[in-house]
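Per-chain numbering from 1; labels A, B and C assigned in written order.
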């Protein structure tokens, strides 16, 4: 049910947005994160991104908001003063959250602070040290191999000091306070698929949905842009009473690569969002897999923790940890493509469409089959209709609309695309054969 | 569990009955339908077929009983007066329910009223126009190709006028008012498999069951012979209070062809009738498929509509719409065979046997296994018995007869033919090891 | 989760025990059975085997304890006085429970009392005649073929007289009176796999479990050594009030051969014991099959009868009746192997471990994920831990420990070996992140 003809405009916009954000050195706190939220804010104007700042040291659930980290420069220079590892070339070169350091070390001592990928000798790994006050550099194996023994000057010109953690929220109000949560982690530095692609697709989804009138929107849409783990935990700590309004939720990640889609179910396993994403993917022509929840990955594990049990699944293409480019410098602008992000966007649009349009109805002529022909709902002579599959969809909707089955229930049992079922229901409602069931 | 050695007597009788009914021009109302009901009535004498006549214009559920249609003659003649399409040759040649017409038309104008099957150039299609007051002819593509341009005289000597809709009911009373409904549509003109085969098998089933004493019959058997859709709807409208007595039901269609059996489940999906037909077919040597309900096909969709939800499945061999002969002149006397109808009859007899014999029992020696040998239920030395599988069946019945499991539950779990399980239960009851559970 | 490195000590001990018991002529009553129970008693000292004697004629459920059978000698001699069939060579030669007989018969008359296996001409079959007062001999087909026509002297020097039925029970008390029952039939004469192997493994399991303090044992362990069918029935009759304390149970049989394991589920189909044995086997490297219950086989059918419904499954390697050596002289000391019995023992030890360790817990920091790193439960920098899989297991335990899911539920859903899940739970309990759920 996903139209895959690339919307080139949307694809270009998303890709340009990623290109703009790519060079920024983000982390779970700090100015790079703020700059990113500011760019999101500009991109969705006139919609309003509410940016929150939560002070270091604030207790959040079982955690504490950490000190704020900022970095200006970092390098390792050889005895001639030449920078052999340089933060200015790639922000991946410094271990994220490295504490300030200045000194001269022999290579043999420096090595304990250096991280490479021997199997991928040209790639720089991405490493973090959020909760351990140390410093380090990441570099390609070839760079390391080219470093002769001897002494090196090391500089990490960073700061780790009381400050705040930033996150942004965008809310599109609906006619009820039942919410759909779209959550994207926004803490990774120069990595495109993980997760600038998720952020860009989320922003594009928000923009496309904002074009509809809030009166026609049933759910309140909440878009969250927060650092992974600690950001979701901070949001949860500050919104404990709001969590049980989340009726459906998704974390978005790795939505720009060329892998088939993977949908990871919520911890509940058969929540509406699980059924809807599976339905949308099954009725698309897109390769995909649906996998069970496991308590690892992204922030679905925070939302789904036993105290909250919010039904939040995860939509991705490439699955974290299973493709070699993951968390390396090879997750760059070449690794993602506009068309792939457009596919991701369309899947999400379809998912929201189904969530919005899923209701239970009651057949108003439930005894026998109503005479559709008399009402002009059939061709008189044959049994032809000019919308393929719609006639059978009408019969399914009439037969199962006993006030208990939702349109999704019907679409699943009939194995018919939700949109056709929905169209049939609209038509039957228009012809006074169906009425919305009240709860 | 179906004995497939052809009962040639029954097969010949059913085939002869079809041959007798074949030439009659039936429709959803009219004299052809009445003549068919009269033939059924004669065939089941001294059992009584109650024939109902319901006046045109009577509101029935969401529908209205239509005007009555009768036809005497219909033809298209060329300029020499020669009949090139002739109702007297085959009643399929006229679109069923064609309004009276007399006129001369150029071929080019006549064509809008002609229906052929280009892919099957020798076959005449079967078409109806029940709720659209028009007229038309059906003919083979070869006939049409042989018609030169020019003018043609057209005559449809029919009448469409207030009258009544006819249907017939045969009831075999049982010891309870819980009913088994066997419903066959009886409205199609010269088509053998669809549905003279269903009618003939239904009549043969009624006759065979009538040989047993009503006191020994638990369910009341209701055989309905009514026009498709409008006939079932008329019956439902006039028997609203009786519908909830239907414990099990089947529509019968296409039971004379050589295709494997298809059983289409009730809308409930796991009603007793669904389990019983699947069990009987699985323990037969007959090729078959069991498919899910869908709200199309025959009158199971009326009985199963949300206001009624009667558990009515559909038994067929060839599945409507999936074999080329369906609704064409090729569904003729050569397309069906006595042996195939005998197989169908035997499946139905087995189904009724299981429905009648399915009860829950209570093991009267439930602590440990009773000593069967002491009672002579085993051979003493070995563990041999002269009825194959009966010993294990006895152990299953003893083990699961806790007053909750029915014999069908036991047969399903044990994967043993119901008849063997039933035999074991009878034996154990005789030996005072089992008593019928009261509800 | 089963360590298959053979524990040679245990294997040798079990095999020696079988070798010691092999020559004894056991039956469902009599001195051979008593001698076997005495050997078990010696083997488990200082643990105490309580031996019960139940008088012939005692009513037990639907049965009666039979007369006691003993045998001193039995033979068939030819006209020269040479013993051509001799009980002293193999106790299988006499039909078990043969009544005393002394006489001279022509071969043609003797044949009615002789049993062979024509398809396995070198093997002696095993036959019984418990409830039919007759006599007979079993011999190889070759022996029979070598017997010329003529007269033979026959002697069955047995006795069938009032006495008693013997069985033994060993109880390892636990901290609750919830019981695990391990039941082995002990009535077969010189057959190794069926069931000296089951007896030997049961004894080895009892000995290994007895090394742990009763205070640390949750379940009371009951080991039953009783003749098949009548023994279990006798125990049930004398312990009716105790049966509902059985939380989990297994019958053991054929645990020394080289076939893959077969676990036959309880009649309940999804009892804890069913899930646990399946889990242990699935997480072992051992070939195995899990099959549904059927009311035949060993004493699981008595324990699971409708009056009791105790959850007792059956663990075996070769499945009774499906391998040619079953119930023949080929089920000898060569047919079993120490290593196979060690594998069986280890499976059982793992099963008991899981049953003992399975509890539900409550996550004490259920809102979001607790910060494991702060507590030293993670490596700080990476996400490495030195116990493979333990980190993910911890996350699973935290996520699903809502007081309702047991560790087995978690292990099944996570598809992680119970022992790793258990280790994670222990660690989290130690770090005050988990507390045992009270019922």
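One rule holds in what follows: contacts are C-beta pairs under 8 Å (C-beta built on N, C-alpha and C of every residue); 3 or more make two chains touch, one makes a residue touch a chain.
Fair warning: this is a prediction, and the values are worked out from it, not measured in the lab.
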{"item": "Graph distance between chain A and chain C, where chains that touch are linked", "value": "1"}
{"item": "Proportion of interface numbers common to chain B and chain C (over half same, under half different)", "value": "different"}
{"item": "Chain B and chain C: spacing of chain centres that average the CA atoms, whole Å", "value": "54"}
{"item": "Residues of chain A touching at least two other chains", "value": "none"}
{"item": "Interfacial residue positions of chain A with respect to chain C in the complex", "value": "61-63, 127-129, 131-132, 134, 229, 232-233, 236-237, 240, 267, 294-296, 301-302, 304-308"}
{"item": "Residue ranges of chain A touching chain B (in the complex, touch as defined)", "value": "363, 365-371, 373-374, 380-382, 392, 395-396, 398-402, 414"}
